[in-house]
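Several structures are given next for inspection.
Next come two complexes, and both contain chain A; in the first it sits with chain B, in the second with chain C.
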Partner chain A sequence: MSNKLVRSIVYWLLLSPLVIVILFPFAVMFVTAVRPRDELFTFPPSWFFSEFRWDNFVDMWTKVNFGGALLNSLYVSVAATVLALVFSIPAAYALSRYRFRGKGLYRNFLLMTQMMSPIVLVLGLFRLMVAFGLVNNLNSLVITYAAFNMAFTIWMLQSYFNTIPRELEEAAWMDGATHLRSLIRIFLPLAVPAIAVTAIFIFINSWNEFVLALTMLRNNNDFTLPVQIFSQVAGRYQIEWHHVMAATVLATVPVAIVFSWLQRYLIRGMALGAVK
Partner chain B sequence: MKAFRATPLLMIIPSLLLAMFIIGYPIIDLAYTSMQQVSRFGQLRGFNGMANFAEVFSDPLFYASLIRTGIWTVAVVGGTLILSLPIAMILNDEFYGRGMARVIIMLPWALSLTMTAVVWRWALNGRAGLLNASLMGMGISHEPIEWLATAPVAFTTEILIGILVSIPFTTTIFLGGLSSLPQDAYEASMVDGATRWKQFRFLTLPLMRPFINIAIVLNVIYVFNSLPIIWVMTEGGPANGTDILVTYLYKLAFRFGQLGKASAISLIMFGVLFVFIIIYVIMVMRNEDDGGAAGEAAE
Partner chain C sequence: MASVTITGVEKRFGAVQIIRGVDIDISDGEFVVLVGPSGCGKSTLLRMIAGLESISSGSISIGDRVINTVPPRDRDIAMVFQNYALYPHMSVYENIAFSQKLRNRPQGEIDRKVNEAADILNLRAFLARSPRQLSGGQRQRVAMGRALVRDAKLFLYDEPLSNLDAKLRVSMRTEIKALHQRLQTTSVYVTHDQIEAMTMADRIVVMNAGQVEQVGTPLELYDRPGNLFVADFIGSPSMNFIPGRIARENGAVLLVGQDGTRIAVPAETKASDGQAVVLGIRPEHLSLRDGTDGVAAVVEVVEPTGPNIQVFVQLAGTRVCSILAERHPFVPGQPIRLGASLTQMHLFDEKSGKRI
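Our next item is the complex of A and B:
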């Protein structure tokens, strides 16, 4: 028997407890989402149930107001992504192409804001949004998400921009194009894949954000998906767990698939280039 | 090339302004509010010096939360590191189904913390939770266990979930480190007859030191102010028994309207966070310097 086969068996045995614990919540989510309501609280508790109740998803859509929350989440995530990119692309370009005074300082500033956590500032942010009359307004989230994702975005874009040869732009300058023109015509088209990957990560971060959304939104109709689903669980005597799990499946699985697929790019932007 | 010097500055200024506005201003506002008397409705009623801080430091719940924050951070980060290094070493080796194993180990990262916590809250339900179903089905327990009803059990459970969701990120850092280790050193040690344990102890561990350090600092930053798991599963309860500083701070600010006290705690937390951020920045810069020096030596 080959060495590799023995090793594979040992490794899988070692990993198996963790694999089970990781897959367990996914199984719970799916099994509960399709379970008939009156079989939620059977005793003794059991994995088994009589039939797949796919209608749970349909009922959930209206009962949980999933569609409304979905639109809110989409609006906030798309707008925050666009705003973050608008602020980050020029900054990343400057870091990648120019030497300037204070560049080191600016990089340190980015490292610091990247690690800054919204929860520590949440009270100050709330007071800021009150002052601007933006509480209960999705745009408060758009601005804050853009700001908190910016440092990560700039890192990520800069590391990609460095790989785009500068000769192409220099050739354009020789031909008399202005910097702005060469940036838009020559550079940006080459950077599209990098920008797309980065955009997806900002989108997912915004999609998943909880604390700020919980704080800034007070009106049910404004809730984003995480807050909407949380509101179905928090402080209720009667929790419709089959609806909650159906909503969780729809809110997470598509995003999780995209994330798993692009994850290998993520590390680039996490300032870990520094330790490679 | 003679680029106009103002160009790069103009390009970074918008991002600076946005960060100052959204991240800088709240810090100043918190510092200001923490030294004000604040009404329940958020009106500032004038300077009161260190009164809010004095109130915080005489509050037994603050100390309880502080100690629990320490336990939470050390337990989650420690547990994550101890598990992640062997996992990364396994995933770095060749074996059948490695691609599959990598995808599974990374899965928790793909779910948001909030959703993970919602699912676990249901899975741990004392009456009908599927964890109890599994344990009873396998004959491990005979009575359903109330996982979230008492603080010590609930807090331990939350720590374990904290570890579970931190493993993918940490393993990724370690995988990056392992793939950069010099193979010839291992071959040389094999020739010298080193055992696997000795290889690990005297070769892998020292070489992985920088990666372990950065994993510690980043995890501490993420874990010490992570709200969703505890907030969704127990909201710091029962009876404040699972409160850590962030959940206590959130309750003070948005449930009890004690804004002065809450901003004082925010500022204290900001101070702690800032220390770790500085450590992180120094580590990154030192690594860059080393990298630069090594690059020059190679030329």
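Our next item is the complex of A and C:
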């Protein structure tokens, strides 16, 4: 065996406990989701079951109101991503390209906001949304998610924007382009990797967020997926674990799709941002 | 095509002054090279002409029009950047055609112009490629092509050859000069390489610390440098400088070196007796002398370059370089005698550095 192969095997063996930790919950989720209901609580617990009960997913869809919650989650995550990008891109561009008073202070301020846990702000945010009349409204989540992610996205975008040579825009101006034209035709196409990476981050953060959603939403029809799944577990006499797990499995699917679609940008974008 | 007039231009970044009152007149069709050490403000001045940097005071005009506040896109200037600044997400064709598309020119005309430029620059075969598939020299030519299709009044070059290897630099130098002779577009070219400046320019502007040291044709600057800085900067290897004091004896004017060596200098010099001066002699103007002629020197290092040998000697207490066409078999420590014609000597005031 070649040296390289031996080394690969050793590394894989060393990493395998980590892989188990990551995959174990998924395995439990999946076997519970496809099990017949009366085999849920066998003792001793077993990985095996008599048949694949795919009907669990169909039953769950209507019983849990999965479709509605899925649409709510999609709306909130996509809208928060778009909103955050709409504000972050110009902010990051300004930080990257212009000199202005208080620039260092502003950057530090952005960094400091990341040191606060959203949980400590929940009460204040709730009262703010009451004042705006946005409680029980999905848009309250869109605004807060966008706001919470913006500091990070501005920071991330700025470090990437710094790697795009200023001369490219200058060349476009000399060629006769306006500032706006050079932004659209030259700058933004080159910034796509960074924009994709930040979009992934905002989308996943928004998709998985639980505490704020639980606080702001009161109406069953407005629940996002994490809250909806939680509501199947909390305060019930009988918990339909096979439905809960089927819902959880399905809830991870959109994130997996977004991630695999944009991951080539993720690697490129993170590497580029890191080096400079 | 147009003339360019730069009058009393200054540039400040906060308290730091980068350009200190620069006046340059560039006539229509002229190829002017701004040359100087890094940090002398030459690139900043070029960017001010382009409109990429604001002007703190003074004015820049193209033709009769003052362009101080005109945005870059309306100045009708084409620019070639040091790193080429090719749009990486566009093909070579799209890069060259970009300016024409912005002006909504008809497709047929764009095709014709891009092909014309590609023919001039030998880029026909590369039009469909993306910039990262090109070599340094090809990228450089695409950057030139982008400027070429513009039919601009003025071409600006910001150290366009400094990223190329030595051989390519020499051939691109010739290509750019040939292109200028063909198009006769007024051009301003920035470089820190004095050989590039000498070979390409109609006129050279030597800059130092944000000021113009001297303006003139390449040979004017070489033959009659106005001060020590220009004398030192233009020419490679650079001019030899021998400091000393002026003394007049029996009608002859002598430079008395720091070690007492006496060197005859032009009798018509305006330098006064006892004045501290610096004598400048170009290495190729020093020649070997026999007997009691010339000045004594001791060989330190001999460097053959092929066409010549460069001999470094101790002369009048300083190290001096001499370029000799004959292949003398000198050895270190060997005493020789060197001399120069009086007409090829330059005298500078030691304090002000100005030519006497």
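Here is the rule we use: the second predicted complex is superposed on the first by the 222 of 276 C-alpha atoms of A that agree within 3 Å, B and C clash if a C-alpha of one lies under 4 Å from a C-alpha of the other, contacts with A are read in each partner's own complex, and residues count from 1 in each chain.
Basically, a residue touches a chain if its C-beta (ideal position, glycine included) is under 8 Å from a C-beta of that chain, and two chains touch if they have at least 3 such contacts.
Note that the coordinates shown come from a computational prediction; the quantities given were computed from them, not determined experimentally.
Of the two partner chains placed around the shared chain by superposition, chain B is the only one that A:Ala256 touches, whereas chain C remains out of contact.
Of the two partner chains, neither chain B nor chain C is touched by A:Ala196. Contact with chain B, but none with chain C, is seen for A:Phe109 once the two complexes are overlaid on the shared chain. Of the two partner chains placed by superposition, A:Ile184 touches none, neither chain B nor chain C.
When chain B and chain C are set side by side, the one touching more residues of chain A is B. In the superposition on chain A, contact of A:Val31 is made with chain B only, not with chain C. When both complexes are overlaid on chain A, the residue A:Ala171 reaches chain C alone and has no touch with chain B. Shared-chain residue A:Ile229: touches chain B; no touch with chain C.
Shared contact residues on chain A (touching chain B in one structure, chain C in the other): 170. Residues 50-52, 71-73, 77-79, 81-83, 85, 87-89, 98-99, 102-103, 146, 150 of chain C are the ones that touch chain A when the two sit in their complex. By the touch criterion given at the top, residues 4-5, 7-8, 11-12, 14-15, 18-19, 21-29, 31-32, 40-47, 86-88, 90-91, 93-95, 97-98, 100, 103, 106, 108-109, 111-113, 115-117, 119-128, 130, 143-144, 146-148, 150-151, 154, 170, 179, 207-208, 210-211, 215, 226, 229-230, 233-234, 241, 244-245, 248, 251-252, 255-257, 259-260, 263, 267, 271-272, 274-276 of chain A touch chain B in their complex.
Within the complex formed with chain A, the residues of chain B that make contact are 1, 3, 5, 7-12, 14-16, 18-19, 21-23, 25-30, 33, 42, 83, 86-87, 90, 93-97, 101, 103-116, 118-123, 125, 127-134, 136-137, 144, 164, 167, 172-173, 176-177, 180, 210-211, 214, 221, 225-228, 232, 235, 246, 249-250, 253-254, 259, 262-263, 266, 269-270, 273, 276-277, 280-281, 284-285, 287-288, 291. By the touch criterion given at the top, residues 165, 167-168, 170-178, 181, 185-186, 189-190 of chain A touch chain C in their complex.
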